[in-house]
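A short write-up of the structure that comes next.
Letters A, B and C mark the chains in the order given here, with residues in each chain numbered from 1 onward.
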Amino acid sequence: MIPPETTSKEPKEMSAAEEQSQEREAAPDLSAMGERRQGHGVKVRGLHAYYGSVHAVKGVDIDFPANEVTAIIGPSGCGKSTMVRCINRMHEEIPGARSEGHVTLDELDVYGAGVDVTAVRRMIGMVFQKPNPFPTMSIFDNVAAGLRLTGTKSDNLRERVHRALRAVGLWGEVKNRLNSPGIGLSGGQQQRLCIARAVAVEPEVILMDEPASALDPIATLKVEELIDELKNRYTIVIVTHNMQQAARVAKSTVFMLDGELVEHAETTKLFTNPSDERTERYVTGKFG
Amino acid sequence: MQETRHQFREDLKELENQVLGGLDLVIGQLDRALESVSYQDVELAAMVVADDDRIDGRYLEVHQGILSLLARQSPVATDLRIVAALLHCIRCIERMGDQCVNIAKLVPLSGHDAPKDKDTLDAIERMGQLARSEVSQAKDALRTRNVDLAQDLVRQDAEINRLNRAIFKRAVEIGDDLELREWGMFMILVARCLERVGDNAVEIAEQVVFVVTGLFREMADIGTSAEAAQSS
Amino acid sequence: MSTVSGATPLTQISPGRKRKDRIMRGSLMAGTGIALVPLILVIYYLIYKGVSSWSASGFFTTDPTGSFFGNPGGIRSAIFGTLEIVALASLISIPIGIAVALYLTEYGKDGRFANLVRYFVDVMTGVPSVVFGLFIYITLVISHAGGAGFAGWKGSLALSLLMLPIVIRSAEVVLLLVPSSLREAALALGAPRWRIVWRVVLPTARSGLVTGSLLAVARGMGETAPLLFTVSLATAFTGNINGLMNSLPLQIYTDITNPRDVIVARAWGAALTLVALVLILNVTARLISRRSSMT
């Protein structure tokens, strides 16, 4: 349901009902996206990735369960970002880069013969470290960009954009200025705008490459709350170098080192009693 | 090359040393409390009661140190288990200190020239030795992270429990003399305090196993089942 | 480790250093002055000599008569000729130039063929404009291709050859300025590459592309040599681009050696007009780039 857009200036004081509705608009509201869909998990098998002759990911097997948040942690250069970019086949866009292995979304192998790469990316969305809204587009156009760029014929474009904005909890903050430029928002809002853009395309999986590392602590917490909501509808994979963040948002955590998967365990276990010595040394900061 | 998180490691080591020092304090208190019981030394008993302030102070120090460490350093994995264990241990130490105070408080009450029963006194002395040894062994187990040493405590604790029940039985059968019976009941209370000291030492041992293995198991259960196996 | 009482005081700059600073500043300013002087002289001279022609009646509204005596006429056909020829040249060179730049940044990137193209573009920027004129002369004018010998559109071709490398170079720079994170974001949404170019890259680079194109146009307007061999000179006002046309550079070229003072004055007026047109284009380019900066 799209509320009527207010055009007149509101008086400063608000009634209790208005305050309540403002609060509701500020919280992420995934129910705006419609009934709950069944989630889809991702399985990675025997994934190898190369930059030219550099072997960056060395045979990784991971299951990402449906409707769960899985975090990937590890030191710089361990291959975590590379591995995640192989999931939506963004890795091969880099000149000289290639990958081998299988990544299956339910039964579909993303690397299968004859698979349309752009279709894969529509099903597996991605949010980047630095918020990157399109500078020449308004807030509305930014969220609609995913639909327009993929040539999705949509007769209810406006509604889909509004729903996506509601889903990420931005609606209350931007509903009166949907036509102002996307880059006019604060960093945290821009990142949520990018998440709305990804969500509007209605993917099955959302990959997040250090989504909050460029944000201040409050914006970070908002994004984390949003992730917690998003998992009800999507499968989420989040790469982060911030262990506390992984500990807060993820149900299970993967630790990678030098391109290899070292440990994959339930988050609590990984952070209270890891099985592998290398994991222990990394999370306690024993190697710098 | 300096290890990473140097300050954190030092702070954690310092906390552990404070806990180990607390165990030393307990051993000292225990010795003096038992001595005051053996020799009916009221002055010594009063000293034990007064010195409990040091153990309480140590508790507050460690508690504060742990809060500070949690807030500033976000310990995880083994470090987190150590911190949790230290918190548990310092509480056990505080309780053991209180038990020593309870023993000391019983000394003036049980009367200066009260008649004494040799069997009971021997049992109490034996219990005291065991309790002391348990606390000392718990300290070593914690310091060296030795799981075998920790699990061995259960064996000693079984013996303390047995002596406790024996003293109770003896007090019931001690005879018709009123003063003797009264004394005997005070001795029951002393025995119970010592038994509690033993239990706290076992708890510390459980924490040692938790730190090393990441698993928490109540060793008291192991103890009673071992006893049951023994007595059958 | 550190002294307790008072750190060493901050020393004054030595007089020797002060002197060196002054000498350096003085010589740099002198150099700037020397460079500016001829520039100012040129502008002053232009205005001084040309403004009087501007106020002559019919300067902008009549065509040069070409007659040896009598009313020399204005420069109307020259202005329109220049506009027509340059417009056609822009129509050819700008889209092709941007397309080549897009190929270089989006598809070729660092490949061997792309680098080869870049090399050739660099070479082309260094080619003297006369050569382009001669090239078209030899290939199209002599053979009377398209009917006539000299023709406006052949002049446009020569100019577009000149403008093309400029457009490509500046467009490539602007396109490279588009942050790759935007392309990444569009790719990750599942957009096909051509749509990314059309809906993200080009709109983001738009103002820079316009600026670069305007500058190329300004350059093309002032070139004489290519037109010499391809369009030659006509005095009539004509819209037929497949024939002789007038143009400002050529008009200036022929007029300036004329013995009649009034015609020489007309040349100055034409020169001033040409400079004014170029100036307008440059200022417009500046204003556009300032309006939409890409931060």
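In the analysis below, contacts are C-beta pairs under 8 Å (C-beta built on N, C-alpha and C of every residue); 3 or more make two chains touch, one makes a residue touch a chain.
From a predicted model like this one, the values you see are computed outputs, not experimental measurements.
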Taking every chain's C-alpha mean, which one sits closest to the mean of all protein C-alpha atoms? A
Higher number of C-beta pairs in contact (A-B or A-C) found for A-C
Relative to subunit C, which chain's C-alpha centre is the most remote? B
Cα centre of subunit B to Cα centre of subunit C, whole Å, reads 92
Subunit A to subunit B, mean C-alpha position gap in Å, rounds to 53
Centroid spacing, where centroids are CA-atom means, of subunit A and subunit C in whole angstrom: 47
Within the complex, which stretch of subunit A touches subunit C? 88, 90, 93, 95, 118-123, 125-126, 128, 130, 132, 134-136, 145-146, 148-151, 194, 197-198, 201
Of all residues in subunit A, those that touch subunit B in their complex: 243-244, 247, 271-274, 279-280, 283-288
Residue numbers on subunit B that touch subunit A, as the complex places them: 3-5, 8, 74-81, 214
Using the touch definition up top, name the residues of subunit C that touch subunit A in the complex. 109-110, 179, 181-182, 184-192, 195-196, 199-200, 203-204, 206, 294
